[in-house]
């Protein structure tokens, strides 16, 4: 397990639905294959972008089953085991393990208020119940706890976790996490979830990225990774500017805020690009429509992801 | 269903565990009977104080099964159907229904970020899947969304929800909720969760209370309710002063913060009073010990819940 | 100084401006006299409702000078000495003292981040520089620090502060503050700033209130106080329902949020009622207009503060 | 004015005090000269690190007077005009102008709650009252408002502001600010305040930095800037790693939190390095001592800012 170290581009997979909210298997296969063909280094299912919070347990199993089958060993499969508190997360871990995924991703506990002692103990208890590689998912915007770099490195040193997916938005703490990890021999694989500033994370020493936007443009993220490996920082930066601009798809949504605007925009983009068959969302979130769809099409055209004369699909 | 209206004192039941973290059935029966004998008007299982966030689904079923059996129709049984987003909550609702509970309690969706549209739709979708009375649980400290009074009253008018458990700590909004509810014919039963200021909530027009502290001292809350019904405000107020002082059991905990300090203190008090056999907590929370236990014993003595010469149980 | 103890209704004075944003002296005299005639027990100038944050130092002096002159000893005059950190507040204290006010009101330090040590030291340093009675203003919504009850009572015992204006919205902590203050002999005069739930605060043992809404309806707050003194809780409660409903003037403002909606609505109400000559605000806030004014007029009519046939002033 | 564009390294000057809390002029001259000699491109006085919140107006004038005299035209002098709301800030602006500073730095309004309309109007009103170049200071941790990139670029296009000092910690929004600024011809000079990740900000297109840590190690920041200008990204990155590690001086302070830990650590480092004569702070903040000083000395030694055998100054 301690040999397992992720690197490179590992998109959190956005999941296509049919109009009546079932998993759209054809589109699912299409988007997964498109990302693997673009050269991604792993795929993360059941993350926030994968609507994990909205899926019943049965729906989660369905996604994992299809994910393992479609990926079929071509790249490592990570699975989110997101739930409120420790033993519920352990339950999710055991089920994910049974589906044959390669690694697990867990957040800090949420809902009940706690402190740093409970957070650290949480990861240690999960480790007692699984042998799979475990990634800590630092996501304060959803779980309202920031994971402390010193604690993460201690968990890495003790073999409790094998890496971190950092979506904290706290680039200062991420820099310190990289430094502390390096000082004790780099036990953790450190991945950034901030698709808009992956270049800065690479400067900080990130081992890879988990960009939701890579669902829309996987090739650019892979090229950026290759440029980073080659030390070609000007290319890293130029591609990042393109991707930061592409992220405008999520910026001007009027119908709603938060998840429905962010993942809703990714789904809409993939639908308009022909990868998805619809931009349907899970209850209680509604799909984007009208003016919001038009703006997303405009942003895709501006960034060259759609031809200038592409019509708006309906 | 619309006939179902709760009133009075409805404690959220704190659940005793054995040292090895199994449900302590003897103590569970003892604490439930003690509250019913004191005259409470209902019992709320699987709320935050009931460690709902920490229980696996199997453990939740176990609690519901035993709760329905022990209560045996003496008072209404409410069950928390707490989960991240809508369809997971619907899953919980269906299971709770199967166990024969009398009413359901659901929070706003959490984890994924959303806005007021998603919150309102969430409750409407739940209603489509169950015929049981449904209470909205306003708990921003856990779910990070405040329920808007105008929306709640609209849901009440439409028969979507039958009441509100308000643990928002926002007494201004609660006053407005009471006023708006009254103006359209009082469709909602409005319960306060703030054990320290129930008298103020009664002044505002609350239909009852859901005080965690009633696990420790159910009689005082029942007497306070009776005094309120009799219009004896000086007694209402005097009892509240006693209960507010008793809440000091939770105030000086040093070992941790949040849930482990609050519910941890209630469990410790019930253990020291002989109702529980231990103050064990669910992972990753640890039970209070040493100086923290001593301080709780002192607070119980100060308020007359333990005799002055009671030794500290170990 | 330790003899000085405020009680009763002490409105934070909302200040009328001419259209070109000068102090409207005629209206200022009118509103002050109206409140004193209604029987208020003190007046608080340069509080948040008094636009203290928006006034230059010269404008603050002007308000204090006129306030002391107009009140002319009829009731105690409190003055806010609101500024960022300790020595700036001390500067404000010395100037207020020179204008002959009776007591000072200071918040926790703000802007620079600090902890409880700095907050306590802040009040102790202010005390070293003035002999006037000092009230601690607990206003986390503006200063982002909640004052701890135990610290406040310690400062009261040491003669550093003589009272608290609580606008924290935390009714649990306020109850505890009342209890702790009582246990050591009631050194502090405890005033609530929450105009919508003053009855609950009186239940908790408040010595008085500082309701912004009393600018609009001072008589009701005075009558409520008198009912409280007479132990007539049903009247306390009934008046509170009226006042809570009247507060709807601030609830449906569309043009802006926060201060401009709250104090903006009070100014608009006073203008429509003929106490003020305009509802002008200080830069960068703009006065309410159009539909917002109409809604406020409707709320005033609903609560009997304006006759049903009153036209909208323009 | 629109010609005035800052670039490069512009440290926010930390101000030395004597033990009895007067400006230590000798040390002030020493630290200013040390930074200018290291090649900094400007100096920012009366920022957060310059204790602006703690200084009385008289003390602010003193600092500006001495700053202009000591700098004596060698680099541009920026002055913070930090105050609560618009007209108070205008007052500060006029005084700063009288002292001959080269540019002004203003935050969003704070204390009173407002919305985006008030924030934009605030900057426009300031512009009406001064002809000096104006920088918007984005500092939500102190003023609790995040400045929107689209609004900032609009203010830049209209000539209201000439640049931004971004200390928001929101690297995503900063990237978008850089992109939007570029798209309309780069009217704004964009400076990052995040000393730990300046390399990422340069990747994003920042025109310079305002690093508090440059008080301690100005040379490294200047070398990093030069490397950036030369396109030598590996050097940019390596220097950043050194500086991020040096920032550990602020990380392990035990005595307090926030400003007293951050600026307190910078002052302590400068004192131990012989640039300052003491690490005195302004009330109510206390200087660091004992173990905290030792840890800072250790961090300085680790990073080569003090020789290994340097004793701890007392």
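Odds and ends about this structure:
By written order: A, B, C and D. Residues from 1 in each chain.
Here, a residue touches a chain if its C-beta (ideal position, glycine included) is under 8 Å from a C-beta of that chain, and two chains touch if they have at least 3 such contacts.
None of the values given here were measured: they were computed from a predicted structure.
Matching B-C against the pairs in A-D, C-D or A-B identifies A-D as its interface repeat (over half of contact pairs the same by residue number). In a homomeric contact, the two copies may use the same or different surfaces; for chain A and chain B, over half of the interface residue numbers are shared, pointing to the same surface. Rounded to a whole number, the gap between the C-alpha centres of chain C and chain D is 36 angstrom.
The centroid of the Cα atoms in chain A and the matching centroid in chain C are 49 Å apart. Shown for chain B are the residues that touch two or more other chains, of which there are none. Taken chain by chain, the contacts form a single closed ring in which each chain touches exactly two others. Every pair of chains meeting the contact definition is listed here: A-B, A-D, B-C, C-D. Those residues of chain C whose C-beta lies close enough to touch chain B in the complex are 169-172, 175-176, 179, 194, 196-197, 199-201, 203-205, 231, 233-234, 236-237, 240-241, 244-245, 247-248, 251.
Residues 48, 51, 53-57, 59, 82-88, 90-91, 109-115, 117-119, 121-122, 124-125, 141-144, 256-260, 282-286 of chain D are the ones that touch chain C when the two sit in their complex.
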